[in-house]
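Heads up, the next two complexes both have subunit A, just with different partners, subunit B and then subunit C.
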Partner chain A sequence: MATAEEIAEAYADWQERCNANTRLARMLRGWERTVHLVATDTGEGFTIAVSASVLSDLRSGLVDQPDLVVSATSEDFADLFWGDLNPSEKYLSGEIVLAGSSEDVMRLDAMSMVAFLDQ
Partner chain B sequence: MTPADRTVDVVVAGAGYSGLQTARTLVDAGLDVLVLEARDRVGGRVLTEVTPSGAVVDQGGQWIGPTQDRLQALADEYGVSTFPTYLDGANLEVRDGSVHPFIGLVPTSDRDGSADTVATLLDLDLLAQEVSPTHPWDHPDAGALDRITLAEWVESAADTQTARSLVATAALAVFGCGPEELSLLYVLSYAHSGGSMSSLIRTAGGAQERRFTGGAQQMALRLAERLGDRIVLDAPVVSVSYTDGGTGEPAGVMVTAERRGADDGRSSWRVAARRLVVAMPPAVQGRIAFDPPLPGSREQLVQRAPMGSVTKIHAVYDRPFWRDAGLSGQVVADAGMLRATFDDSPEDGSHGILMGFIAGAVDRSSESDGAAGRQRVCLEELARAFGPEAAEPIEFVEQRWSAEPYSRGGPVAGLGPGVLTACGPSLRMPVGPIHWAGTETASVWSGYIEGALESGERAATEVVATLDGTALNRATGLDESSGQ
Partner chain C sequence: MSTGAAGLRRAMGLRTAVSTSTGLAFAALQYLAAAGLVAYVAGDSAWISIGVAGVLALLAWGFFGELNGMFPTAAAIRRYMSGAMDDRVALSITFTYLSTIVLVVAADAFIVSAALTHVLHVPGWLTSVWTLALLSIAVLSNLRGVRAAGWLQDVATTVVLAATLVVSVVALTRSGTGLHTPLQPLHHHSGAGFLESIALGIFLYSAFEWVTTNAEEVRDPKHIHRAMLIAVGILFVVCATMTTAMSHVLTHAQLGTPYPQLALGGRAFGTVGVWFMAAVTAVTALNTFNGGFITASRFVYATAREGSLPPILARLNDRAVPWVPVIGLGVVSFVVSVVVEVVGGSGWQVLVAVGAALEALIYAVAAFCVLRLRGRVPDHHRPFRVPLVRVVAIGGLVIFSVLAVVASVSVGNRFDPVPLIIILVMGAASALYTVRVVPGLQAAEAARRAARPTRRRPPRAPDGDATPPSPGVVS
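Then we have the complex of A and B:
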């Protein structure tokens, strides 16, 4: 289990890498979305916004109406953000669940994979 | 004029899944139907065979994936179970002659190239969402999208050679065509019909997710049993004369088939019908003579919808030995004869089977290698990936779809630039009393068994809608007890 502080620390690292990635910036062009993260083991929620190809800071709690909801264990969120976990593998096994329109899911799937590969 | 040997409401030409589903739907609507099949079997591009050692191999279409609901319903109806395609362990990437293990959809040995591949696939998938699977020519940029090939698009969309090579491998596995042979508009429309390009190339969560216990042809065989003597095998349709009703005569067709007699000689057999459903790929339909000739746009379409080139190989071993080494059996290669392989072993692992595709230009040029030459190269490549044990199968079988006269290739037609925008509407548009089925005409999962079933339903629905109520009121539905 990862604490909210650990997830926030891992996310800050991921956010920095993502926002410096020019390929990701291109992939996120024109994609303005609110994403909720729900830790299935601790019940904690977090919110991220994507705007102008930039990932926002992680906010605590489920804020605003989400376009996408990502559900995973707190440990998987931390591992994902540290780059220790191949997101595709977790999506395929159903351990990480993405809920949203097919286009949004497609884009989040691809961007998390690119963030993983580009580290 | 020579009288008809038989008269029915509807002739269906072709007993692949599309023709069988057409016939079943028409019979259920109360129509008198006759299916003429050129081969000595039903199933079309789906063929399950048992090797001398008892291994079941699907020589053609074999998978079912999410949202392929018609196929699932058919399997459920006939009690055919499915099981997941073997996916445990690492896949292998062969790049520049070296072998690298990876997990997931995209090889990871060249991380920048892999990230580029994911980004390129996303671009392709997002573009595909904008293109209608049924009316791609209506896209505002249809002309531009249909003017270039997939290869030209990926050349500018991707930054790396790795991404270009992986997209080429995907095209070869999905279409039996290299990206340089395919119109971008066609690829986008085709991908959208199955969800996205990513869905087409995925195993878990995609088109290759599950297999049928006992093989994918079983449902076709059961449908054929149900249709009984409404199906005539060994009866290729060679010509069709038709009237569209414009001259005052009722619309109808006279279908001439060749039948093999007891002395193995061929004789013509004429069937009169109110409607004809042609359930085969356009390239195969092109061998049928029509009188009067079909409209120019249809004739042009038929000449511009060549089949992909594919040979499917199965190397059969006494056990799936690669699993001991933690390998899934899936290979993605950037060159060579086999660009993609899968573990095609039975669910119980009683045999080990590696299946691979020889596709596109390599398939065509491998003609000169002969079967023995292809086998030698395939086994060398399998041994490079899975070790020396792979070079010693107990059996090796190949199905060369390009040499099948009633498929002319596979797995599906590959349309080049300019075809969809100029001739696309002719794909499904009826010509007088003649309607078109076949997976190439499908609006969902075009190129797949699911698409074949959907196309059969659509063609049958068209036919029923054009006929008056007289025939529909007859009680000639299927009699399950007699197998008719």
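Then we have the complex of A and C:
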């Protein structure tokens, strides 16, 4: 089980990678979304906003109306942001649950892939 | 704690779920399947075969309803199939099933092009040019991330269904004669022919279950279940009316063309009706191309990300679109449609037979999965449960298996093993790929991950406590 601080630390690393990636900036052009993260084991919620191709800081709690909701264990969130797990694999196995349009899901997956695989 | 899809800013309502389910099923190929169905039964009573097929589609609705309720995700097919059978078998079946999308896209491109050639009175070779143009537009739109908005899909589906219904009713009423044998499906036809017509009738409902891939974006999870049921009802009314009209007012020569719907339009409204139905046919392609390209390319992408397909298929362009699967789907569809055109005659009837057999096969697989998962995960949450599951699922498994076999050895109204051979070749290729290639891909992916630098995640303290907190969460 990962704490909120661990998740925040992992997210800060991911945020930095994403915001520094010029290719990802092009991919996120025009994609303004609010994403809720729900840790199924701790019950904690977090909010991320993407605006002008930039990822916001992680906010505690479920703020605003979301475009996408991602539910997973706190440990999986931390691993995901550190780039230690393949979100597609977890999604196909049902360990990561999503609510949102397929287009938004694709963008989110693209973020995790491009940020770590330097595709 | 989860806000779920209900709280989403953009959630899909029941109306769009219904139009998605109906629109995916009602492709241009449906006009040809309806005309082909008439060849098996006694003209005006073709609606009975469609009704029986509709009842069987309700069985499939029950199976997909239970499975979608258990796994309300776009990846449901992977979840329930790998849960019910060996993963290699599941992958082989899934790849084979996916090929129906290629067939439907190819067939629609060909049918729209053939209709265009017919109404413009231009040389037949231009059909391939229209096909290339249509598929190029579809590929380019997909690569640019363009997709039909929900409201546009609602409008397109409503226009196609309403237009088909109106044209059919007007053509029937203007025929000036009453129905000859509306209640005698075996008049001048055999029982085997009736069975074949039911197999073909199943195809008229095919793909209504693809709406389950939208499970993550509906406002209420029950919408998917309800939408499929409503779609089956709508499809029955439209297809039964259209088939009855076709059998009543069209000649055998007209029924044998790749554009019987144009002749139907002509019988209803003259030349205007021909052009009108040509336009309606083009609109059907919007749903097929939109749904087909997105469903197939995203599935291929997810499977490649999982490590079961080559990594190149997971490459994204700057609009986060998996460009290799999109281009691949366009190229394969074009090749198939050209082959259909070159073969001529029964080429498109073979496509219909392959599609009908594969659809019956996947319904049989769904019945098997329902039954198997009841035994393997009896306590899994099931918002909808198939009643009398042993009887219904085993019955469904047998019926759909028989229909799959019947559909695969019949083209037109004669015995022809070509569809079966095509399916066996596709199935064998999928199985060979899954057994011989996938393990290598997965091993390479595992090796690639193992070779990566150590985990970026800082090591935990021995007592399992978190590492010292860092830049914090903004409250």
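Quick note on the criterion: the second predicted complex is superposed on the first by the 118 of 119 C-alpha atoms of A that agree within 3 Å, B and C clash if a C-alpha of one lies under 4 Å from a C-alpha of the other, contacts with A are read in each partner's own complex, and residues count from 1 in each chain.
The rule is short, and it goes like this: a residue touches a chain if its C-beta (ideal position, glycine included) is under 8 Å from a C-beta of that chain, and two chains touch if they have at least 3 such contacts.
Since we're looking at a predicted model, the values are computed, not measured.
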{"item": "Superposed partners subunit B and subunit C on subunit A - clash or fit", "value": "clash"}
{"item": "A:A99 touches, of subunit B and subunit C: first, second, both or neither?", "value": "second"}
{"item": "First, second, both or neither for A:Q65, with subunit B first and subunit C second", "value": "second"}
{"item": "First, second, both or neither for A:S51, with subunit B first and subunit C second", "value": "neither"}
{"item": "Which superposed partner A:S88 touches (first subunit B, second subunit C, both, neither)", "value": "both"}
{"item": "Broader residue contact with subunit A after superposition on the shared chain, subunit B or subunit C", "value": "C"}
{"item": "Residue range of subunit C overlapping subunit B upon superposition on chain A, of 42-50, 222-230, 384-392 or 456-464", "value": "42-50"}
{"item": "Set of subunit A residues, in rising order, touched by both subunit B and subunit C", "value": "23, 26-27, 86, 88-89, 91-93, 102-103, 106-107, 110, 113-114"}
{"item": "Subunit C-touching residues of subunit A, taken from the complex the two chains share", "value": "2-10, 12-13, 23, 26-27, 34, 36, 38, 40, 43-46, 57-62, 65-69, 71, 78-79, 82-84, 86, 88-89, 91-94, 97-103, 105-107, 109-110, 113-114, 119"}
{"item": "Residue numbers on subunit C that touch subunit A, as the complex places them", "value": "1-5, 7-10, 71, 73-75, 78-79, 145, 147, 213-214, 216-217, 294, 298, 301-302, 305-307, 314-316, 318-321, 455-458, 466-467, 469-475"}
{"item": "Parts of subunit A lying in touch with subunit B, wherever the complex brings them together", "value": "23, 26-27, 86, 88-89, 91-93, 102-103, 106-107, 110-111, 113-114, 117-118"}
{"item": "Contacting residues of subunit B [partner subunit A, same complex]", "value": "103-106, 108, 111-112, 114-116, 118-119, 121-122, 125-126, 129, 159, 195-196, 198, 204-205"}
